[in-house]
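In what follows, a structure is listed as C-alpha cells, so that the remarks can point back to it.
Per-chain numbering from 1; labels A, B, C, D, E and F assigned in written order.
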C-alpha cells in the first residue's frame, strides 16, 4: 500500500483550555483533531481529574510538518509559561495524504 | 534490553462502528486492541460526543506490518467512503515480539 | 524550531494497578505521566470496562531512553506474568528537553 | 400556562445557541435516557396486565401498518420533491416513519398536567411503531437484495438499547403489576418529570448543535421537518379515531406518528445504510421536528383529537 | 410473586446473553453502588444508635470467626477436590468467605416486601464479615512470610471503596440518628429499591459476560458455586440460631454467609495475590453464586431460618 | 446536633486524607452540581414570581456593590501583607469577592433544619454576587488595558456553567411559579439534601487534595482563608441589617459574603489571568475557607445575625 509520512502532534494540557485551543488549531490550518479526557502529573503537580479545574485533555493533530511546527510554536509562545502543558511530535504514515 | 519493531495502527472513527470493527480486527489476525472514547473534528464536521450518534472512539492495534497493512486496506475499502474515519500507522518497539 | 528526541513509553494495563504503577513510575525518575481510561482485548481476554475489575488504563510517559528502559524492565519483571499488560515505546520530538 | 419541562428545553437550546459552556456529561444523558425508557415501559406494562391481550391485537396491527405507511409516504416526497439521493431519502423516511421516545414523554407530561386520560398501553404501540420504518428504510435504500444481512439488521433493531429497555420495562411491569412495582415507584414514577426536565435540557443543547447543518441543507429540510409531522399527525388522528381511542389516546397516537426517531433509527441506518448522510436526517429530526413537536405540535395534535371527536359525535 | 428487582436482573442477564447493545456507563454503575453502600450503612447506623454497643459484641466476634471459618473450609475443597493451584484456591476461598453487598441488598428487599422483621444492625455484621476472609486468602497463598506487606494490605482492605462507604454510612447514621437523617431519606431510603433495580440490571449484564469463562473452567466451578453457598448458609443459619437472632435475622446471616464477594475481595486479591487468576473467582462468584443466591438461594435460606426456629421451639 | 450533610463532608475529607481509594466519577460530580444549581435557581425563581421586581432593586444594587467592595478590600491585604505577585493577589481577591454555591446550599440546609425563615429570593442575590469580583480581579491584574478582550471575558462569565444554570433555574421558576413546578419537585426539592450530601462527600475528597499545596504556601494563606471570611461576614451582616433582612436572610447574606468561589471564578481567572497560579487560590478557597465556613463559619454568622438584630432592637 502506498503510504505517506505526516506528523502526529500530541498536546496534553488543562481541560479549561479546550475551547481556546480548538480555535487556535483551526486557525493554524489543521484539518482536524481528536480529543480524549486525561489525568496526569507533571511540573505543575498532580492533575487527577476529580473535578473540572483539575482535569486534563489530550489533543492529537495529524498534519504536515509545517502545520505541526506552526502549532507547536504558537502553543509554546502563548501557553507554556502559564499553563500545565506538554507537547510532542512523531512521524506517522497515512493513506490519504491530501486529507491531512 | 532486546526490543523489536512492530507497527502501531491507530484508527479514530464513529462510536457506532465499535462492534463491527472489533470483529473485523479479530478476523484480520490482530492479537488485541485498545479502545478509548474520543471526540474531535474532521472532514465530516465536529463530533462532540454529546450523545451516541456524535461520539468517536480511538482504536489502537499493535501488530506486525502485514497485519497493519491488511487492516488498513480493509478499513479503507469498507468504511472510508461512508464513515468519519482516520487511520495512521507508526513504528513502536515492543519487548515480546511473539505477543503481537 | 529546535527539537530533541525523547522516548514515549505507553503502557496499557488493568485499572487496579493505577496507584502502584504511578508510584513505580515516580520512583524510576520519570518527570510526569498521562493516564486515560481504556478498554480492550489481549491474551487475557476481553476487558470491556463495564466495571472496575474489568477496566484498563493507558499510561504514557515521555522520558529519556534510560528512564524508558528502566521502566520497561521494571514492569516486565514485576507485572508481565500476573497482569494484563502491554508496553510499547516510540520516538517523539519535544521542544524542551530539560523537561523530560 | 407553559409546562416547566418545555422551559428546560428552551434553556438548553438558548444556552447552546449562545455557545455557553454548559454540557451534560454523556454518562448522565445515558442515565437519564435509561430511566425514562424503563419508566415508560413499566407504566405500559402495568396496564397490559389489566387487559386481555387479544383485545389489543387490532391496535397493534394497525400501528405496524401505520409505520410502514408513513415511511413509504415520506420517501417519494424526499426523493422527487427534495431531490435527495436514494439512500438519503430512504434514511430520512425511516426516521419519520418511526417514533421519538422523548416526544412521547412530553405528550404524556402534557396530558398529565391537564388531567386528560389516555389509554395506558400506549408504550406497547410505541415499541411496535419503532420497527417497521427501519425495515422500509433498508429495503428502499437497498432493494430486496440478497446481500442485506437481515440477521444482523434484526439484531441491530431488536437488541438496540431503546427497544430492549422499553420491552424489558413492559414485561417487568406486566409481570409485577401495579402492587409489585410500588417499591420502585419513587425512582421511576415520582422522579419521572424531573428526569424528563434534565433530558429536555440536554435535548435543547443537542438541538442547538443542529442549526449549522440546517443552514447548509436549507429550506426543503425545514419545510419537510414541519410538513411531514403535520401530515403524519392527521393520519394518526384518523387512525386513533377509527380504532376508537379516547381523545387523549388519539392525541398520543397523532404525536407518535408525528415524531421522528433520533435514537434507534439513526443507529440502525448508520450500520445498514451507511451511504446515507446522517447529518441530514438528524438535522431534520432533531433540529426541526423535535422542537416543533415539543413547542407547537403537541397542542395542535391535541386540538386535532378534540376536533375529530367532536366532529364524530356531532 | 417474584420481586420486580429480580426481574431487572433477569432483563440484564437476558440482554447480555443475547448480545444486546445495552450497556450502563461505568460512571452510573459507580453512582448506583455508592448510593447503595451509603444507604445500607446509614440504615445500620441508625439502629446502632439505639443499642448499647456492648450487647452486640458477641455477635460481632462470632461473625468475624464465621469469616475465618468459611474461607478456611473452602480452601481444601478447592485445592484438593478442585485441583486448583495454591494461589487460585486461596483467592476463591477468600471470595466465598467474604460477602456480597448486592446480595445483602436483595435479601433486605426480599424480607421487606414480605414484611419480615430482622435485626437492623446487620450492616455492621456485613462490614465485619468482609475482612477476615481477605487475610485468610493472603496467608493461604503466601504463608505467613515476612515479605507480605501487611501495611499496604491493610490499606487496601480498610480504605477500599466499599468498606469506607459502609463504615462511613454506619458512623453518620449512628451520629445523626433517625431524626437527623430524615432530610436525606428521600434519596437514600425512598429511592433504595429503584436504585437497586438499576444495580441489578447492570449485575445481570455483568453476569452474562461470565458465561464464556464458565464454559472454559467447567463443571467443578459450577458445582462449587452452588454447593459452597448452600453449605455456608447452613453454617450461617446455625450461627444465627445460636446467637438468638430472629427468623429474619437468621435468614440475613445465612445469606451473608452464602454470598461471595465481587468488589472488595477481587481488588484486594489482585494486588496482594496477583498470581491468582481473577477470571476463575469472578466466574464463580458472579457467574454462578450471585445469580443462584438471588434467584433461588434467598428463598431457600429463608425457609431454612423458618425451619430452624420451628425445630428449636418444637 | 450536627447536620448529617456536614458528616458527609467529614467522611469525604477523612477518606481523602487517609488516601482511601474512594473517588466519585467526574460525571457524577457534574450531575450533582447541575441538580443543585438548578434547584437553587428554581427555588429563588418561585419567590421572584411573588414579589414586585422593583422592591428588590435596592438589594440587588447593594449586593453588586458588596461584590466590588470585598474583592477590592482583599487585594491590598494579599499584595502587601501577603506579598503575592500582582496577578496572584488579584485572582485570590476575585475568589473571595465572589461566592460559593456549595456554601450557600449548606447555609440553606442549616437554616432549614432549624426552621429559621429567610428571604427566598436569595438565589437572585447569589447570581449577582458572582460577577463583580471577576471584573475586579481582571482589572486589578491587567489594569484597564485595551488588550483585555472584554467580549470573551463576558462570554466566559455569563455563559459559564454555574451562572447559566442558576439564572436558567431562576427564570424557569419565575415563569412556572410554585404550582407549575410541583411535578418536578420530587427531583429538585425532595432529593435536595440527599444530593447535597453526595456533593459534600466529593467536596471533602477535593478539600483533602489541597492539603499538600497548603503546606507549601504556608501560614499566610491559612490566616487569610479564615480571617477574610470573618471580615466579609461582618460586612455582610451589616449590609443585611441595613437592608432590613430577617435574621435568616442576614445570616445567608453574611455567609454569601464569607464564601469564596471555586467554580465560576477559577475558570474565569484561568482564561483571563492565566499568569495567576491557580494552586494558591484553590488551596485557600477549597482547603481552608470552604471547610471553615461549613464547619464553624455558618453557626458563627448565624450568631452574628441574631446579635445584630437583638442589638438593633434593644
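We take it that a contact is a pair of C-beta atoms (placed from the backbone, for glycine too) under 8 Å apart; a residue touches a chain by one contact, two chains touch by 3 or more.
In this text, all values refer to a predicted model and were calculated from it rather than measured experimentally.
**Student:** Please find the path from chain A to chain E through touching chains that uses the fewest steps, and give that number.
**Tutor:** Counted as steps through touching chains, the separation is 2.
**Student:** Which chains are shared contacts of chain B and chain D?
**Tutor:** none
**Student:** Among the chains, which has its CA centre at the largest distance from chain E's?
**Tutor:** Of all chains, A has its centre farthest from that of chain E.
**Student:** A-C or E-F: which has the larger count of contacting C-beta pairs?
**Tutor:** Most C-beta pairs in contact, of the two: E-F.
**Student:** Same or different for chain B and chain C, where same means more than half of the interface numbers show up on both copies?
**Tutor:** Counting shared over all numbers used gives less than one half: different.
**Student:** Distance between chain D and chain F based on Cα centroids, please, to the nearest Å.
**Tutor:** That gives a centre separation of 41 Å.
**Student:** Would you kindly tell me how far, in whole Å, the mean C-alpha position of chain E lies from that of chain C?
**Tutor:** Distance between chain centres, rounded to whole Å: 34 Å.
**Student:** How many Å are there between the centre of chain C and the centre of chain D, using C-alpha atoms for each centre?
**Tutor:** Each chain reduced to its C-alpha mean, chain C and chain D end up 46 Å apart.
**Student:** Hunt down the residues of chain F that sit against at least two other chains at once, touch-wise.
**Tutor:** 21, 23-27, 30-31, 186, 191, 267
**Student:** So which bits of chain C are touching at least two other chains?
**Tutor:** Only 36-37, 90 qualify.
**Student:** So how do the chains connect up here, line, ring, star, complete, or something else (other)?
**Tutor:** Its topology fits none of the listed shapes; call it other.
**Student:** Every touching chain pair, please?
**Tutor:** A-B, A-C, A-F, B-C, B-D, C-E, D-E, D-F, E-F
**Student:** Using the touch definition from the top, list the residues of chain D that touch chain E in their complex.
**Tutor:** Residue list for chain D touching chain E: 25-27, 30-31, 34-35, 155, 159-161, 164-165, 168, 171-172, 175-176, 180-181, 183-188, 191, 267.
**Student:** Touching chain D in the complex: which residues of chain E?
**Tutor:** For this pair, the touching residues of chain E are 1-5, 7-8, 11, 15, 18-28, 31, 109, 112-113, 186, 190-191, 193-195, 197-198.
**Student:** Which residues of chain F touch chain A once you look at their complex with the stated criterion?
**Tutor:** Where chain F meets chain A, its residues are 23-24, 26, 29-30, 202, 205-206, 209, 212-213, 262-263, 266-267, 270-271, 274-275, 278-279, 282.
**Student:** What residues of chain A sit close enough to touch chain B in their complex?
**Tutor:** Residues in contact with chain B: 1, 3, 6, 8, 22, 26, 31-37, 62, 90-96, 99.
**Student:** Can you list the residues on chain C that touch chain B in the complex?
**Tutor:** 10, 12, 36-43, 56, 58, 69, 72-73, 76, 80, 86-90
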